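The same subunit A turns up in both complexes below, where it pairs with subunit B and then with subunit C.
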Partner chain A sequence: MKSAGPASVKAAMVLLFNERSAYRGEKNQDQEMDIKRDYYEDIQLLDSKVLWFWFLMLIAALITFPFVASNYYIYMANYMAINVLVTVGLNILVGYTGQISLGHAGFFAIGAFFTVLLMGKLSFPFLVALVISGILAALFGFILGLPALRLEGPYLAIATLGFGMAITQVIGRWELFGGRMGIQAPPLKLFGFYPITTDRGLYFIIVTITLLLTWAARNLMKTKIGRAFIAIRDSDIAAQTMGVNLTYYKTLAFAISAFYAGIAGGLMAFMLGFINPSSFNFILSIYFLAFVIVGGVGTIFGSIMGGMVMTWLILMLDKVQDLTYIGDILMTISERWMSVTGIHNVSSIILGLIIVLIVVFEPLGLYGFWIRTKIYWKAWPF
Partner chain B sequence: MFLQLIVSGISIGSIYALVALAMVIIYKTSEVPNFAQGEMAMLSTFVAFMLLASFGQPFVISFAGALVFAVVLGVFLEFVFLRRAKDPNVLSLILITLGFEMMIYGVASWKWGAEQQSFPFPVSDFDIVNLGPAVVSYLNIVTLLVTLFLMFILFLFFRYTKVGIAMKATQQNMLAARINGIRANRILSITWGMSSLIGAVAGMMLAPIATLDPNLMLDPLLKGFASAVLGGMTTLVGSALGGYILGIIETLFGGYISLQFKSIVAFLIIVLVLCFKPSGLFAKHYVRRV
Partner chain C sequence: MNEDLFRVENLFISFGGLRAVDNVNFTVKKETIFSIIGPNGAGKTTIFNCINGLYNPDSGRVLFKGEDITGIKPHKVAMKGIARTFQNIELFSRMTTMENLMLGRHLHMKTGILSGATFFRRKSRAALEEIKHRERVEHIIDLLDLQYARNQFVGSLPYGTQKLIELGRALALEPELLLLDEPSAGMNTEEKQDLIFWIKDIQDELGVTILLIEHDMRMVMDISDRILAINFGKPIGEGAPEEIQNNPEVLQAYLGEDELTNAAS
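The block that comes next holds the complex of A and B.
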């Protein structure tokens, strides 16, 4: 068999499997020790049989989940998976490369609108349209990455904030994108003939894509590129002195991150069925950043936790008046001092408070909490 | 036409200049851009509105009450949350202000809903003065005068008062300022109070032109940032001038090129300025120590 595939396929294989898996021949004999003895052991994704076991269990659980859960929970799982995807992408930028972005809702919108347009107006197949939109978002990410070369901290935050707001406004004013009213997502057909109409069908697409891309991100962080990102985060000048090409890697980080957001946006369009520009606002960008912070800056596992927990929280708080006890108390407060129609804005207050408290008291987020719990129980009762 | 556009540009530029001033005051002392600036101003404006409409107070008392509220709000946020941050870096400080932004937005939308109110103001936007071919409303004139007055006061404050000089010292080197007996924490609180006050003035000047709802300051916030970046984040006068320049450029763009895409001018200016002269037009180039 000829193995001369296109370079992109090879790159994808490297991402999804492992960097130089051929070198893994000589393994260590004793697996009981937690010590990593050589480099190629360090870059392995699942380094023990126990991890493999749990990984397979996770896959099995994910496959059985839609058949036992009710429709609402499948919807919730879709929402979670999409947010996890954005969070992982944003964490590559914020957590690993140390750049800030307040404009990720912009990339999210680009992904959503272009997927729908490519399918609706040019009748592209779904997966092709999704990937093209992702790449388009990545292109915008690359462009936004260019000013980022000269900026840091606050200035970058302002530039990305402006980008996010500008994208939403341009889309909102442009008739092609449906203007203020938004556009309807076309019916979804996988591989051209397999129609997907239910949340359950969508679940498999969304979760598969999220799983693959999360896996890719985890692997990416163990390659040269990932190490370059981390070096830039720790000190960009030192990284440059060590031979890391700042121009290349900073724009790459923006492009990769935007790609993730774009793909997630494309999926979101089909989950909601209808998109309008006003939902991709500045607040959404803050939400994305909040997912990263709550989960834990600079960890993939933290992103997964952050995306899931925060999505759950957002969905819960959307119907805050229906919660037991808390809902009643809030209703009373609303009637007496506030307004009853605006009670769903409580979610905004609580999420804001969570961001502030996490940053002030637990800068590592849920991941830090998880690590401390793990260490505590490992050594228990000592 | 051209003169009219310039005049409207200057009058909207005054609002941007005020927001930019508020931003720069905080940025100068703590090197953190305050993303909650707009929402703080919005909440203070709502307080003025509440005093006027629900409690039937006269304008003077309502506006004074709102300004007092603004100062208290700024000091409160700094004292209760920002000061507690352990080992803060720029990213975490930005995040804290984003958290404030969401909290305040939530409170305002909860209390006043998303419905749009019209903000009563003693000076009307409809009484106009003819300035040659252009017309100016009384409100525009008042806005301009208030902005210039505040800029003058701020200039005097930073130049001649002890607190103002202490603020400059804190910005240049917090440790050295502490050694010299400046209570840096207290200075930061005062900074937040002042900034919040100026923001509140901007909000109350803007509310009669726009409609009062929780999104009131979302757009001016970005414009304020753009002005501050344009003029230089470290100079007060520069950032105010940036506000006027932005206002004029924006209205000219809206008048001659495209009214639809007027709102991306701010973003383009941010990107262009940051690409070619990151320190802004009127500030000295900043040098970073490794």
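The block that comes next holds the complex of A and C.
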């Protein structure tokens, strides 16, 4: 009897233990399932409910914006979106692949003029004309990519600069493109029947295309092709020996980048309503490069910030005299000591100064500021 | 095991007046470890660069599985199934360890521009492929104990770890022939021990043939099936480790008199 007690207890315990372990076993399995890494997370855009929430908020904000903002701000938003598109494209080339281009105004012009021509002369529907122009720009990008296989750094910069300037010259002298006078954008009809006449209508087209292409760029950079680009940037020797075809991927980077600029150019034509070759000069190419550097080299999010903030700055600095107090001082300085160009004197100087300061204090550009702020707030208040 | 996998025939290359590689011949049998030793500047890495397509040899042939691969482009060499690591680390420093290894899968992946740019869910083609290859790469990460470095940018990792990541990246290509250029440089004794095990594992279990350049004589003698010694670009001896150890020319040129007495005692 003495042993019966403990024995039954033991039996009960065994039972309990077994039950528990069975329970635990299940649980363990579940945990193991959880522990098993989800590789999709590595490449997923929105990997949490919080992010989904913010994403939907953003979409909602983007949709309501043109109904609450004044025309000027809608115009500004369009301008921003177009510049974001160019910046994203240029960043694929400069930031991700480590090449340089001072000729992107050329691709921008190709996109703008061909979209207008295809629609005006050959009466192509808008979206078709836009895509064809983008592909045409990509083709020119591919051609420009060929010398890039042999050139590096400053040499490549000059070669691309020459290309961009040549494109503007060719367009400016060719009657087909309206010569020096430029060319009027035809009336815009979406899907062939839905007329777009206001900046608000244009806003939805431009922002949708920018969002889609930015998303596409981000995806591309997360998969095989993007990795090949980054590999070429970080070590082209290692990239080759791991099987990356340098010729193919370098020219591809140029082509994709030019495609983005071309699409942006096509949209720009309709935003401006009238395009002439002088607005696609090499200063514009340099601005594009500045957007990339200020936003952050090699980040899509940085490109978005760079394109938006710089556009905002450029537009704001045009009206710098409206600022209370400071505006008056700047006007006085400009009038007293500088040429008669007026406020442009001051705004260019300030823009230059801002670019220098951002690059000096944060080599990663606005993206670097963003990361630092994020880290700061994560640790706050400690 | 006795099949010839790889052969270099009468390889010559010179830079200006310098004959960097001067009539080098050797044959590597399948699933063996073949080492090339020699003092600094003897032309070892130059031989690798010729095999790899980074340099175009002045004359001579490089044969892989009976096929002449002399002078073809580096990425085509990789396509044949030859991977390598570098003496001075050539990692993609602003990629994570995972991404570096994933680049090693480049030739095995098919994602194009459109499918890559437009994946939007787990079941999308690009995402499926990405997941599949990340799982493959995870095995290599496990094999080389690189879990802790998995999502770190490789530029900030210790030298020894970077060397291992290079090895991992080369393995991710699933090569038949692996060229290792001083894999143990910058590693401590413990790391070297691990490396020796891994290299043997790679040879035995994965059936990879290994061509090794190495300065650590203990390691070379320990793992090599055959050794080629070169000096000033010229071969000065070839044979099994014991033969090389007792080859007077090699000892004099490479190991020096002191090592000679050490080896004897």
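Rule of thumb we're sticking to: the second predicted complex is superposed on the first by the 338 of 382 C-alpha atoms of A that agree within 3 Å, B and C clash if a C-alpha of one lies under 4 Å from a C-alpha of the other, contacts with A are read in each partner's own complex, and residues count from 1 in each chain.
Everything that follows uses one rule, which is that a contact is a pair of C-beta atoms (placed from the backbone, for glycine too) under 8 Å apart; a residue touches a chain by one contact, two chains touch by 3 or more.
Since this is a predicted model, take the numbers as computed values, not measurements.
In the superposition on chain A, A:Leu351 contacts subunit B only, with no contact to subunit C.
Once chain A of one complex is fitted onto chain A of the other, the partner contacts of A:Ile237 extend to both subunit B and subunit C. Residue contacts after overlaying the shared chain place A:Ile256 against subunit C, while subunit B stays out of touching range.
Of the two partners subunit B and subunit C, it is B that touches the larger number of subunit A residues.
When both complexes are overlaid on chain A, the residue A:Ser278 reaches neither subunit B nor subunit C. When the two complexes are overlaid on their common chain A, residue A:Ser48 makes contact with neither subunit B nor subunit C. Once the two complexes are laid over each other on the shared chain, residue contacts for A:Tyr40 go to subunit C alone; subunit B is not touched. By the touch criterion stated above, A:Gln184 is placed in contact with neither subunit B nor subunit C.
In the overlay built on the shared chain, the residue A:Pro154 is in contact with subunit B alone; subunit C does not reach it.
Across the two superposed structures, the residue set of subunit A contacted by subunit B and also by subunit C is 235, 237. Those residues of subunit A whose C-beta lies close enough to touch subunit C in the complex are 37, 39-40, 42-43, 216-217, 219-220, 222-228, 230-231, 233-235, 237-246, 252, 256, 298.
Here subunit B touches subunit A in the complex through residues 27, 31-33, 35, 81, 84-87, 90-92, 94-96, 98-107, 109-114, 218-219, 222, 225-226, 229, 233, 260-261, 263-264, 266-268, 270-271, 274-275, 278, 288, 290, going by the rule given at the top. Subunit A makes touch with subunit B in their complex at residues 94, 98, 100, 102, 146-147, 150-155, 157-159, 161-163, 165-166, 169-170, 173, 235, 237, 282-283, 286, 289-290, 293, 334, 337-339, 341-343, 345-356, 359-361, 363. The part of subunit C that touches subunit A in the complex is made up of residues 52-54, 73-75, 77-79, 83-84, 86, 90-95, 98-99, 102-104, 106-107, 109-113, 116-119, 122, 126-127, 129-131, 134-135, 138, 169-170, 173.
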